[in-house]
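Each of the two complexes below includes chain A, the first together with chain B, the second together with chain C.
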Partner chain A sequence: MSTRIVIALIAAFCPLAIHAQEKLTAAEIVDKAQAAFYSPGSDTKARVVMDLINADGKKRTRVLTMLRKNFPGGREQRYFLYFHEPGDVRRTAFLVWKYPEKDDDRWIFIPAVNMTRRIAARDSRSSFVGSDFSYEDISGRDLGADSHTLLREEKLGDFACYVVQSTPKAAAEFSRKLSWIAKTSWLPLKEEYYDAQNQLARVFTADKIEAIGAGEKTYPTAVKRTMKNVQSGHRTEVVFESVSYDVGIPADIFTERSLQQAPEKWMR
Partner chain B sequence: MRVASALTVLATLCPGTLGAEEKNRLPVTIHGFLMGNASIRTTGKRPPMGEGGAFLLGEERLRLDVSGATKSGSGFLLFKGDIFHDAVANRVDGDLREAYAGFRRGQFDLRLGRQIVTWGVGDLFFINDVFPKDWESFFSGRPMEYLKRGVDAVRLQYSSGALNVDVVATPFFTGDALPSPKRFFLYNPFAAVAEQREYSPPVRAENTEVGIRLYRRMAAFDFSLHGYRGFWRMPGASIAANDGPRITRFYPRLVTWGASAQRNLLNGVVSFEGGRYNSLDDRGGTAPGLPNSQWRILAAYQRQLARELTATFQGYAEVMEGYDSYRKYLPAGFRPEDRVRGVFSVRLTQFLGYQNWRLSAFVACSPTDKDCFVQPEVSHRLSDRLSAAVGANIFSGKHETTFFGQMAKNDNVYLSIRFDF
Partner chain C sequence: MRDRLIHGLTSFSVDHPRLVIGLTLAITLAFGLQLPKMTTDTDPKHMLPITSPVRQYNDQVEREFGLHADNLVVGIVNERGVVNSETLSHIAELTQRIQKIPGVVVRDVTSFTTIDNVTVEGGSLAVRPLLGEVSTSGEELAALRRALLENPLLRNRVISEDTKATAIYVPIEPSANGREIADRIRQMLPKGDSGDQYFLAGDPIARDTFGYEMFQQMALFSPVAGMVMCLALWFMFRSFAVVVANMAVAMISIVWAMGLFIGLGFPVHIMSSMSPVFLMAIATDSVHIFNEFYFRYGEVKNKRRAVLETMTAVGRPVVLSDLTTAAGFAALATGSIVPVRVFGLLVGFGTLVILLMSFTLVPAILILMREDRIAAAAQRERSQGAGGSPLLAKLASLCVRHAKPVALAGCALLVVAGVGLTRVRVNNNMVHWFKPDSEIRSADRVLNDHLGGTSIGYVVIRGSEENAMHEPRMLRSIESLQRELEKDPVVGKTHSVADFVKRINRVLHNDDPAFERVPDSATEIAQYLFLFSMSAKPSDLNNVVDYPFQSANIAIQLKSWDAGVMRGVLDRAHAHLAANPLPGGTTLRPAGIAYFNLVWNDEVLWGMVTSFLSGLVLVLILLVLETRSLRWGLVCFVPLFFTIAVIYGMVGLVGKDFDMPVAVLSTLSLGLAIDFAVHFVVRFQQYYATHSELDDSLVWAAARPGKGILRNAVLFALGFAVMGFAHLTPYITVGVLMAAIMLLSSISTIVLLPALIRIFDKRLLKGRTT
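What follows is the complex of A and B.
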């Protein structure tokens, strides 16, 4: 009993001694990775080219502009996605208001009939525009949705990484996920998704990382990334072109008005 | 022509926004598609006045889509037009889908010209969407976008966090395009009357249709209030009997108001919509050839049932006012409508193969009218440019006077192929 009190007193009076180790928990590592991957900067603008490639090498291409703004007070974010290609979805736009603890608000604009509609947001496991990425992969999964375990620390290529296993608390598209998270950039460099039979199903890789400057800050960014379905051989390669951060996108861009007429200034 | 003149108007109205820097530079992109549509009646029956035999539709279309915007986005234009060859009637024609110029200043957007306006939350049930539809197109299997017709209008929108306002003023009336007796079997109680005339509302200041929508988010709902003053989109008939029967068809005056609301709930999206149709030319319900006033209500629920499988359930009702008068003045020999017309619908949409395959089915049945409509469809994206769809429109009904029932001999299968450029 008295030993515990002594330890507690040491802990209380010598916080430095304890923090010097910087021993992060697995959840803290994933939290930092999510912040680096999904919400760097106060806002971002990018032109995104997605190549959907099947096992035979047949390629389909989606080109879109993505705007994202973080809202203060937690992890609320808003996304505006506008499709340039292919022709049958040209001018289609999505608006997503993402909340940390409840279902997103999602709207789609269908240009052929000039119609704005809400869409059911529970389909987070559905494919994002036919790619190997799910909606969840695009906008992030709640930290608390999984149990995280730090398995080991190892090098992936030149980068020192934490290897974290995340196991969903409720039914999800994967039964477990292994993430290699870089210690310096905090970006996930590789993720392996296992299916219900514990077979490797999908592999994510950050293929090219650039430090994108914004004023005095720089944000490490995975400007090329791939998600491969190792069971079907289908893969999606995503290139972020002309990424910029902290560009001051006004909050009112993330409204129905932009769905009906895309904000030209932010589309270029 | 209209785009050019609208652009001139735009440039005159806002010389400041199209400043020297931008004046010489209106970047324009040109796209479009080639499309073939065909639809064949499968009932083996041919309407007496029919053209094209079993074919309800056979056409080749060229779409041109021209759009542009100034660098700042303060000025923009859109042109969407089709040239098509109607193989059934063997004629070439044009269809100006949309052609407008717009400008944006501060919180205001103004658009001038032909544009498609879609309001309301229903899936194929329209309450506050009082804008014209092309039902012939829809029931003969053209892609869904052709269900909506453009209106030649001035549209002013104001956007803010507190309140959004959308006003559409239309001086030139456009009615619904209804299935033609040249291609469809239809219920027409006046078919035998030789003398029939139809009038559209003349272009006059007082005939300008005005629609208004006020909307904002309220308690997690997307909430809208709607109002409209104009005309029914389907003609009513007045019957005169001097020197033999004579039918005059015209578009009766209409005022509507209503509301809609949509939000995430119960792991899906719930929608509600209601509206009152005030039929000004038949307030008492005493004119049998004109629609009575009515209420329309809709409740809908959409959710994902499984991965890539989404379902939408809808319940819809029209409630006629002045029903007793309607019954009293309805001429003998006509089957009366019910006071309430209720319809339930289910839509299932399943994506497969990286969304290159889309299977969908829409089923609508009315327990009051005792009729049904089913539209199954399979569409496939062969590449980023080439896609094809095969589907069917299947009707059934106990009576040939109801909305779907009258179409029972028009069951058809359709095919659509589209190449984008």
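What follows is the complex of A and C.
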């Protein structure tokens, strides 16, 4: 387990922030935010606790191990998700090969029938494991899919932020999105998704940010995040426990074969 | 005491007519100032309080399963089949545009482009909206057609068996207005000759359209009914003052009563919106005053004396009939349904206002009338018969002579009515409040012909513990219950969590139909559902199973809005479960609009029936107290009882449902049918006390007060017959039945009462003759 250092982020990233403030375009800001949010480090391992809470306050909890590895040559990434809970779906595993500008490849392993099935990518706006997050919320949306406008700069809580509006070029799950991107960590601290009626539909918040150290580097990480559907009252709270970066996950874990027999060492 | 009060009021009004009129107008103005504050509430659901168990349970089920109470259905029918590129593009575009209408729940609009389809594509499991890009290739269209028909989750829901019809299901927010949204959708419908036909149906459209049109029709027909009554009054009395006095009494009572209740903050509901017509009807009671006044004037030739003597003669019956009317309506306040209570008290109060006006405003107007005009009118009255109507006199003497056959005929009619009464079906169907050829009703018919049904009910199965819905036995029970329910011809479609499990099982096994069944292990089911929840829209699963997988929701599409339909479904479910019980500790509870309508029907309509019956009892008690005789009380009660029995017997015989409009009408008959008998009996007693010749007295009562009674009835019937031209069936019902009630109760008074009094003369008149 890697060392976790909590640092006052403003202090840590102050010099960087000053440097960064020199006339970045909206697209560049979003690009940096995506890099900071979706692909920090060369790989990452985390235990994720996901609570799906409906308007009635009833809860479904999912506990999973998430492995991610960045592959050289652009933004290709592979994800391995292994479910510990709920108990009756234990050992269900999910593999995603994500490509820039192309549909993902996805496979699922269903232990009860000992079967691996390829899943045709539904459009990436569909819900991720029944949560309020969509697939693209989890793994990132293509930068070029939206046109981005820098609306203003403002403080959100203690953090100075860029407020960027992203409008999809083709029909999408949202009609526009506002992102508050921290100038220091480049993490999106809050996002508002508007629906076809231009009504606020979903709100993402990064509720707790920690700087996770790996060797010489530190990666600011949103270890607690919430996506709330303000229309249905449903929300999903995600906590990243024991996050570590640059741990050297072997590439052969991200294969169909290890779906059926997930290597225990990496699943703990 | 009361007679002194009446006399005092009358003399004061006769002595200071301008003061009385001025004072009345001032008070009316004060009440009138409240009218602009009017708010309306047309949702019949609100007749049950928010705290009623059915509303609370329904709300809970809707929250638990993320369902919507109000759904519109946009049906699209094309004789060539809807799976053609042109229609599909229309559907795609229309869906997108509907989602932009404020008040529509964007995320849950269901159509070809939003509904999830679970399939196998080249060995991959695919969960995605049924229709993405609209293709023009014949091959792809054929594939889509196949996909639609072979998937039980889609068949009969978004596609008809013959592929000629599809639907867009549009849930709307509880605060949204179904009629306004339907109007906006209508404007969006693609025009052109693609052969597509569009139909809009659903409870919110019917409800909100009805609410809207109801006020419109009320605004149109109240004045028209008023005008027809004015004309009739004019032809009866040829006196402008009579017309003015009658209408003034009606308007003043309406303004006072509506003003009071609006001022107190009550919204105008479906029921209370009808109170103007009711009060206008009750106000025609003053016809008896005019009727008597002209006879009296002809006798005494002195305006002041004629007014005072008239008021003395008709004072008692007017007080008695108005008090019983007011009491009958106030009895509605004993029920539990708030809008019915408000309505009862409102009309009751208005009736008391009419009573007050009868002894103040009416004499004041009479005394201000020009003497020469009165003389002329009185002369005309006299020329038609000094003792009243000769025709009525002949009729009454016939009845007196053949009292027994008349009474027997009455009894025979009662027996027939009794048979009809046993056939009365208490049922409400809001779609049937529109005419058969109306847009709303034809849309409903077309959609129900093609697809699963426009009405929806739910049956919630709750297991004894969490994850109960992962048990194969449980899912199989649910599945067999669904198959049983689908045997009911009004059930067009059911769907449940079992359908999703079966579908996934089949698709995972390379679309092998042999796997379209519930798997044998709970873990397998759990993992299939998990897989489904990982890929589909969350609402797909949330609508059919709750979070801890303890409760499942069977959605039942119904082809009829009849309240009783859900009772049939539930009876069938219970019968099936008695033979094939669910796993231990499992409970079943119904919900949804269809169930709500059933409860509404039972509680609101039966509530009105019981309030009505208690009103009847109260009226009888008042009559007995007033006449100080059980027998005379019963005699006064006979025409009311007879009229109600015959009218509702007829309703049963012709197979018309006892629905909300008919229920409202029953309360009206309570208020009016009693008046005639009271006038007849009280005036008969007065006359008999001085003349003591039974047959003559009866004939006199039928001819003179009887003329007033018949005039009152005709006035009324004419006013209401106008409503027969309305385009909402409840108004037609009210118009036709009202005219029937009035004519029947006046005739039963004039025909039955003389016969009855003749037959029971010894018991009734014992000790009174001398």
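Rule of thumb we're sticking to: the second predicted complex is superposed on the first by the 246 of 268 C-alpha atoms of A that agree within 3 Å, B and C clash if a C-alpha of one lies under 4 Å from a C-alpha of the other, contacts with A are read in each partner's own complex, and residues count from 1 in each chain.
Here, a residue touches a chain if its C-beta (ideal position, glycine included) is under 8 Å from a C-beta of that chain, and two chains touch if they have at least 3 such contacts.
Predicted model only: the values in this text are computed from it and were never measured.
Asks: Mind checking chain B and chain C on superposed chain A, clash or fit?
Replies: clash
Asks: Based on the superposed arrangement, let me know which partner A:94 touches: chain B (first), chain C (second), both, or neither?
Replies: The second partner, chain C, only.
Asks: A:129 contacts which: chain B (first), chain C (second), both, neither?
Replies: So A:129 meets both chain B and chain C here.
Asks: Is A:231 contacted by the first partner chain B, the second partner chain C, both or neither?
Replies: second
Asks: State whether A:217 touches chain B only (first), chain C only (second), both chains, or neither.
Replies: In the superposition, A:217 contacts neither chain B nor chain C.
Asks: Look at A:103 in the shared chain and tell me whether it touches chain B only, chain C only, both, or neither; answer first, second, both or neither.
Replies: first
Asks: Which of the two partners, first being chain B and second being chain C, lies in contact with A:61: first, second, both, or neither?
Replies: The first partner, chain B, only.
Asks: Looking at A:113, would you say it contacts chain B, chain C, both, or neither? Reply first, second, both or neither.
Replies: A:113 contacts both chain B and chain C.
Asks: Contacts for A:155 in the overlay, against chain B (first) and chain C (second): which applies, first, second, both or neither?
Replies: A:155 sits against neither chain B nor chain C.
Asks: By the touch definition at the top of the document, which applies to A:195: first (chain B), second (chain C), both, or neither?
Replies: A:195 sits against chain C, while chain B stays out of touch.
Asks: Out of 44-52, 116-124 or 566-574, where does chain C run into chain B after the fit?
Replies: With the two structures superposed, the offending stretch of chain C is 116-124.
Asks: Indicate the residue numbers of chain A shared between its chain B interface and its chain C interface, in ascending order.
Replies: 52, 54, 60, 86, 88, 112-113, 115, 117-120, 122-123, 126-127, 129-132, 234.
Asks: Where on chain B does chain A make contact in their complex?
Replies: For chain B paired with chain A, touching residues are 31, 33, 65, 69-73, 76, 102, 104, 109, 115-118, 121, 143-145, 147-148, 157, 159-161, 164, 215, 220, 222, 262-264, 267-269, 271, 302-304, 307-308, 310, 351, 354-356, 381, 383-385, 387, 418, 420-421.
Asks: Per the contact definition, I'd like the list of chain A residues that touch chain C in the complex.
Replies: 52, 54-56, 58-60, 83, 86, 88-89, 92, 94, 108, 110-113, 115, 117-120, 122-123, 126-132, 171, 195-197, 199, 201, 229, 231-232, 234
Asks: Any idea which chain C residues touch chain A in the complex?
Replies: 63-64, 66, 96, 99-102, 104-107, 121, 123-129, 132, 467, 470, 508, 521-524, 526-528, 530-531, 533-538, 541-542, 546-548
Asks: Over in the complex, which chain A residues touch chain B? Could you list them?
Replies: 52, 54, 60-61, 85-88, 90, 103, 105, 112-115, 117-123, 125-127, 129-132, 173, 234, 252, 255-257, 260-261, 263-265, 268
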